[in-house]
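Right, I'll just put the structure down here and ask away after.
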Amino acid sequence: MHRSEPLRYGYFGPQGTFTQMALASWLSEDQDALAAARPFGTVALGLDAVRSGEIDRVMVPIENSVEGGVSATLDALNSDNPLVIQGEVLVPITFVLAARSGTTRAAIRGVGSHSHAWPQVRGWMAAHLPDASYVPTLSTAAAAEALAAGDRAPYEAAVCAPMAAEVFGLEVLAEDIGDNASAVTRFVVVSRPGAVPAPTGSDKTTVVLYQHDNHPGGLMELLEQFAARGINLTRLESRPTGSGMGAYCFSIDFEGHVADERVGETLMSLRRVCADIRFHGSYRRADGRPVEPTRTTTDQAFEDARTWLHSLRA
Amino acid sequence: MHRSEPLRYGYFGPQGTFTQMALASWLSEDQDALAAARPFGTVALGLDAVRSGEIDRVMVPIENSVEGGVSATLDALNSDNPLVIQGEVLVPITFVLAARSGTTRAAIRGVGSHSHAWPQVRGWMAAHLPDASYVPTLSTAAAAEALAAGDRAPYEAAVCAPMAAEVFGLEVLAEDIGDNASAVTRFVVVSRPGAVPAPTGSDKTTVVLYQHDNHPGGLMELLEQFAARGINLTRLESRPTGSGMGAYCFSIDFEGHVADERVGETLMSLRRVCADIRFHGSYRRADGRPVEPTRTTTDQAFEDARTWLHSLRA
Amino acid sequence: MHRSEPLRYGYFGPQGTFTQMALASWLSEDQDALAAARPFGTVALGLDAVRSGEIDRVMVPIENSVEGGVSATLDALNSDNPLVIQGEVLVPITFVLAARSGTTRAAIRGVGSHSHAWPQVRGWMAAHLPDASYVPTLSTAAAAEALAAGDRAPYEAAVCAPMAAEVFGLEVLAEDIGDNASAVTRFVVVSRPGAVPAPTGSDKTTVVLYQHDNHPGGLMELLEQFAARGINLTRLESRPTGSGMGAYCFSIDFEGHVADERVGETLMSLRRVCADIRFHGSYRRADGRPVEPTRTTTDQAFEDARTWLHSLRA
Amino acid sequence: MHRSEPLRYGYFGPQGTFTQMALASWLSEDQDALAAARPFGTVALGLDAVRSGEIDRVMVPIENSVEGGVSATLDALNSDNPLVIQGEVLVPITFVLAARSGTTRAAIRGVGSHSHAWPQVRGWMAAHLPDASYVPTLSTAAAAEALAAGDRAPYEAAVCAPMAAEVFGLEVLAEDIGDNASAVTRFVVVSRPGAVPAPTGSDKTTVVLYQHDNHPGGLMELLEQFAARGINLTRLESRPTGSGMGAYCFSIDFEGHVADERVGETLMSLRRVCADIRFHGSYRRADGRPVEPTRTTTDQAFEDARTWLHSLRA
């Protein structure tokens, strides 16, 4: 694709967040774009900047292996004008305990961090700082930033990424304090709708499904559409539609690309049986694992079946 | 369709069978074709005559509300070169006890009839002729014909259609001797493959499905293809494939026409997941009952979904 | 079980049928019982003799690898007072062409046999006696018996078991004339209800299921009861209930014994969701193949789950 | 149950939260217990206090009709020693904008509130205070409390419950500012395991299910266990197990009581097919809507089936 203008990027900031690390990974061969990328204080603000055309791409967290789906992202992605995912990045999550230079552990009465990070260091805190109280902040980096800014922060230490400690000049009191050494967060690059990235043989697709009526058994009917074409789901989350207690829609990632025959037929079926379906993009898997259709669900199998049907109808 | 030559008909005979009655019903406005129709001694011979081009259409029984599927028809239809069903006729089944003039009930020691008819009069026989033995014949009409032909038949009375008694000049000793007053047999008109009759809004389709491997749970997977598109089955029979004990294929009638979107997608899916599928025609239902797709399975719903998918892929 | 009286046996006769061969196999260690066994002219007569107490056990054919289920047996088993299956026997089917001594092939204009045997030799007949007409008889042995009895049989040769040719003193003109060398028929030993044979680890169970309403998708709901407990079906046949075209019940054989936990729960579920269910026995498989439950459907898994539920309710 | 000691209650506080309102509703006839109830700063602290025996019951939020499941509660409920739900309360959610006396809207640059409340007033804020920045707090009441405490809060107004404004002596600048007038939050009363509340005919049960392997299609197999017994789900949420990206368990509420036959069989089945299942209680529905089993899933239907099975096995 020819572009005279370079793409403008944003991320859920401030500097020093895991999201910035994800963007650095995504833009590893385009240091100019990375340097020009703008931080946004909330996920919703970043997505709105893409919607308005202020920027072209934004990197936001969508799923954490310990804390689950990022509701703010799921809901903001699905509201207002449609947005689509262009790609994903997986970032291992490592936490440090950081403080202003000279602070001792004994002096720590409060610890600031994002509410998604706190449960991930709960075990370490119970063992090493059992009396410290938790102070929620807008992000893990914001906890570090406020601490570095002066003495007004209502806590003496921050739980943040190593990068944030470095960016804001804090001292690292303890490293790798996450309870789950294999914790990883998944980030996605979001854009306005447009050309879908070409299939790579290792792709995912993201949709949101709304049921006609709200009978919970209805979820099974939707899942059968995937199972009937041998399609694996990699994430399923229920999100309230807001129309009342128990009224949910389903945010789903599944293996395959909208250009695949089996995915196309699945999407058409869902379009028929759902009250609404929103398509949030097909994109390359970060882990590069190939998606292998079964013998009965290859593009060739679909084409053979179509040829046969045409011969019957002729 | 322009035809210079009239169609040549046959039926499972001899004269006087219920099958001839079915053909008379089918050809009610074409007495010339009916008069020229040829009887065949077995279902297989009639179907072979269509295959060879000797005749164009043959009427054969396929299903009886008391006795079940007619194995000979199901198997012969499915063997060798493919044949298709052009239409169906339902005929209420009424049996009479017929004998040569002057025969009294007391003189009846044996009763001839077809093996499908005998179980349908078993109750009447037990009540009125408990000591009579059963003698199987090639058809109910053949029982009457042999009786009329002379004194060599090893029985003194025949269980047959009223028409057969009349055709062969036998005396009716008892009418309506069937145990089940609502008994009905379904007949089908079979031809070589060619143009499928146009959809009427009240159609059926007949297929035979072969599983890849013979795990019986596999039937459920096939049935799900119909259920997923809101398609009702009206007949399902397992027939051995001949390749070993427990190796079955499934002969199925279902509602809808091959030209319907939901039927097309179902057939394509079956083509993909089955080891083999044989198409035996789409044709108007004899009862004229309209087939109503659900809101999510109309042709319009399929077209809307396809349009939407194309917009995503564009 | 203590029995002062030996069991009285019967079989679908006459002498020389494959059914007698099956009984001989079943009673291989009880030659006295075999010698005393009575032939019955039809399956229904044999089953009635068990119902009335005239005999204790009857051997009847139930399923043929080429011709499918034996409707007469399935329907008679399921009518009137319940009967149960005590065991099964598999008999390879071998046909001979037999005639009175001195008959040449050239002299054969008609061939007598049972209607289930004829399709199994159709290929041989087309190749070697293409002009011979078929004459149906009550059984393959009856064809041989009538031929041996004199010159009144309306055919010159019989298709029957080798044993029948020997019993009735006929000459074998051709051996192994079956089109399918691996053809096999399954026979069952039927009794009045009573103690169920003990589980052997290689068992089958036979039931007939009636749906509440006649929506064909209903079959899928019934099959799910088996699938949900990892139970394989080995035979499924639809049989008309007689109450109208399209009204079917399902005759099913499946792996496992009524004493197995997974079978018990399946039967209870079917009892709840079916309009009616008839139990026709649990018995040892003729092939002795062990039935292996999955890890989640062993008796132990069921007992653990029950213990856990009791702890919750306590 | 005889108790010499009154039950000791706690709630997710501080005073003035919607959770305290829920507890007030639950204890409407026991003002002494309400007055003695202790607030806990986080859901996890409250649940831990029940686990340790410090208190007997704690009221916590579990599900919001706009924001979805409360992850902190779902995860804390499911970790460590098991806890069970004794009952539920539904509280309509009404937000006010509150500030220190004399504050004008024009003076508001920052607004403090809990992160679950903020998205629920986003529309009102965009319309009336588009330039105000959001400051997360531990709870909606904590936002009000800090504002009332002095001039150190980094915001000039709080979004909180009307009750909180009253408790902390703040002035209400705007009422009913929630975007969704029908928003409601569901709270649950949690205790240590013990006697399950008796069935009322209008009950719910809560479980967490873990799959053996992590194939997402596996969810369908679990849902089938409910569908097969006619049990409706009222909430389903996936939560990460923490063992890696894409490894989820499912938190589920469904209709019925552990004492119901259909629920007991469902739980036993899930126990067999799941890697693990945690039971979090059966309790009366807050809306009092009766749970009607279908004809085939009443306790009587199960008992009849069991009696029949016993007769077969006898």
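The letters A, B, C and D name the chains in turn, as written, and every chain counts its residues from 1.
To be clear about the criterion, contacts are C-beta pairs under 8 Å (C-beta built on N, C-alpha and C of every residue); 3 or more make two chains touch, one makes a residue touch a chain.
All figures in this text were calculated on a predicted structure; none of them were measured in a lab.
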| item | value |
| --- | --- |
| Pair with more cross-chain C-beta pairs in contact, given A-B and A-D | A-D |
| For chain A paired with chain B, centre-to-centre distance based on mean C-alpha positions, whole Å | 59 |
| Inter-chain centre distance, chain A versus chain D - centres from mean C-alpha coordinates, in Å | 25 |
| Touching two or more other chains - residue numbers and ranges from chain D | 224 |
| Arrangement of touching chains [line / ring / star / complete / other] | ring |
| Contact set on chain C toward chain D in their complex | 196, 224-225, 228, 258-259, 264-265, 267-269, 271-273, 279, 296-297, 301-302, 304-306, 308-309, 312-313 |
| Chain B-facing residues of chain C, complex | 41-42, 44, 63-69, 71-72, 75, 90, 115, 119, 122, 133-134, 136-138, 154, 180, 182-184, 186, 215-217, 219-220, 223-224, 226-227, 232-240, 242-248, 254 |
